[in-house]
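Step one of this worksheet: look at the structure below.
Order of writing sets the chain letters: A, B and C. Residues in each chain are counted from 1.
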Amino acid sequence: MPDADYRLYLMASAAIFTIGFYSMLTQAHLLRRIMAFNVMGCGVFLLFITLAARAPGPVPDPVPHAMVLTGIVVSVCATGLALALAGRVQTVTGKTELEPGEDAGGRSGAAHHGSSA
Amino acid sequence: MIWRSFDWFLLLAIVGLGWRSLNDRDLFRAVIQFIAFGLLAAVAWVRLRAPDVALAEAAVGSGLTGALLLSALARMRRREQQAVPPRTEASE
Amino acid sequence: MIGRGVIGICSLLLMGALSWAALSLPAKPPGLAKASLDRLGESGVAHPVTAVLLNYRGYDTLLEVGVLLLALAGAWSLGRGEQPAENPQSRPLLLSLLRVLLPMLLLAAGHLLWIGAFAPGGAFQGGALLGGALVLLILGGLARRALKRERCLRAGLALGVLVFAGIAAVTMALTGGLLQYPPGAGGALILVIETAAMVSIGLALGLLYLGGQPPEGARRSLLATPPDHA
């Protein structure tokens, strides 16, 4: 397998990170935000692995690989915890989306939107 | 030449799936696209000579995260349905 | 809409800045490949990534197993999760599939654990397969009785951190350095740590699927007041 063009992968990692970043800021639904966080993480991992593959020698640099492995496990833990939190938000407030200008506690600057819970 | 076009195709598919999965109307489809995104990322790790990371990404990053998202989605839909019927029953 | 446009433009600028920063890094960095390969013979394993994970940077892996336990404790403290209310006999196709898949998953997990010392594999990949097996069991409705034994679950979850921290304490007493294995015992100690970590990781990842504490578990809930079901 010949060497990959690392510049292509580096730019793709920036693109993936930016897509996750933009979606995390603009999407209102909690589940989509959690998915956007995962996509951002994937972009960062792509950057790390690409930098590891550029090392000279027969094997790629194993230290970024270990960091990415740790990162993948931590990221799935964070996703699990975030999903439990989102379920709790839905149980308490009855909503799964964050309105603009509101935090997850249900308080907003404007009048309180009626909820079904 | 073949590998260069393979790289292009793979990365375009990854970026495209990432964008679609975060902007799809239907949440179920979005989660499925996210799982596919993770699997293509695993292929990218293999291409970058990182088989350990590819194993972990395919199993945990894509498969298990997808399962967690689907289970949370099902719980969310169930809670929404439990909240709505009392009003429709009262109106009938 | 204007806010979304501003965020979009800032995101494009961010992407440009990130690409520029990544592309302007030195093209052939020395990296740590040579350093990790030089001492590979003394590390106790033959695969560089496993050596980094469990020997050179073993402390990070210890903390990571701790983070796994913390995340699960956090998810459990938010209320009871829900199990699929399935009668196992109502899905014969799933049961037949499970009969084939579950032994293969267990075998593959054990294989990955063992081969992690020589080839790509290790505790995390094996633990991921075990977690998948547990999720399949929960989906098939076959894990009800096992999920009632919450004390066993808690013991299994804590096993990874306990064994890892115990070995860290022992090595500190023996050689004076945290997770500095005595020469020659590295391979055996790594295998013990990896086995305990694999069990813990598999249990934790599978139990995260429930989204909370197992619903029919211990009488005492971790949450102080029961959650109000809408």
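In the analysis below, contacts are C-beta pairs under 8 Å (C-beta built on N, C-alpha and C of every residue); 3 or more make two chains touch, one makes a residue touch a chain.
Predicted, not measured: the structure shown is a model, and the values here were computed from it.
Peer 1: Measuring between mean CA coordinates, which chain is farthest from chain B?
Peer 2: Comparing chain centres, C lies farthest from chain B.
Peer 1: When contacts are scored as defined above, which chain pair ends up with more C-beta pairs, A-B or B-C?
Peer 2: Answer by contact count: A-B.
Peer 1: Just the number, please: Cα centre separation of chain B and chain C in whole Å.
Peer 2: Those two chain centres are 20 Å apart.
Peer 1: List the centre-to-centre spacing of chain A and chain B in whole Å, with centres computed as mean CA coordinates.
Peer 2: Once rounded, the distance between the two centres reads 12 Å.
Peer 1: Specify, in ascending order, the residues of chain B that touch 2 or more different other chains.
Peer 2: Those would be 52, 56, 60, 64, 68, 72, 75, 79, 83.
Peer 1: Send over the residues of chain A in touch with two or more other chains.
Peer 2: 15, 52, 59-60, 65, 69, 73, 76, 80, 83, 87, 90-91, 94, 116-117
Peer 1: Taking each residue of chain C in turn, which ones touch at least two of the other chains?
Peer 2: 49, 124, 205, 208, 211, 229-230
Peer 1: List the residues on chain B that touch chain C in their complex, please.
Peer 2: By the definition above, chain B touches chain C via 51-52, 55-56, 59-60, 63-64, 67-68, 71-72, 75, 78-79, 82-83.
Peer 1: Quick check on the complex: what are the chain A residues that touch chain C?
Peer 2: 7, 10-11, 13-15, 17-18, 21-22, 25-26, 47, 51-52, 54-57, 59-63, 65-67, 69-70, 73-74, 76-78, 80-81, 83-85, 87-88, 90-92, 94, 116-117
Peer 1: Would you mind writing out the residues of chain C in touch with chain A in their complex?
Peer 2: Interface residues on chain C, with respect to chain A: 4, 7-8, 11-12, 14-15, 18-19, 22-23, 25, 27-34, 36-37, 48-49, 51-53, 56-57, 60-61, 64, 67-68, 70-72, 74-75, 78-79, 81, 124, 201, 204-205, 208, 211-212, 227-230.
Peer 1: Where on chain B does chain A make contact in their complex?
Peer 2: Listed in rising order, the residues are 3-4, 7-8, 11, 14-15, 18-19, 21-23, 27, 30-31, 34, 37-38, 41, 44-45, 47-50, 52-53, 56-57, 60-61, 64-65, 68-69, 72-73, 75-76, 79-80, 83-84.
Peer 1: Can you list the residues on chain C that touch chain B in the complex?
Peer 2: Touch residues, chain C against chain B: 49, 82, 112, 120-122, 124-125, 128-129, 131-132, 135, 205, 208-211, 229-230.
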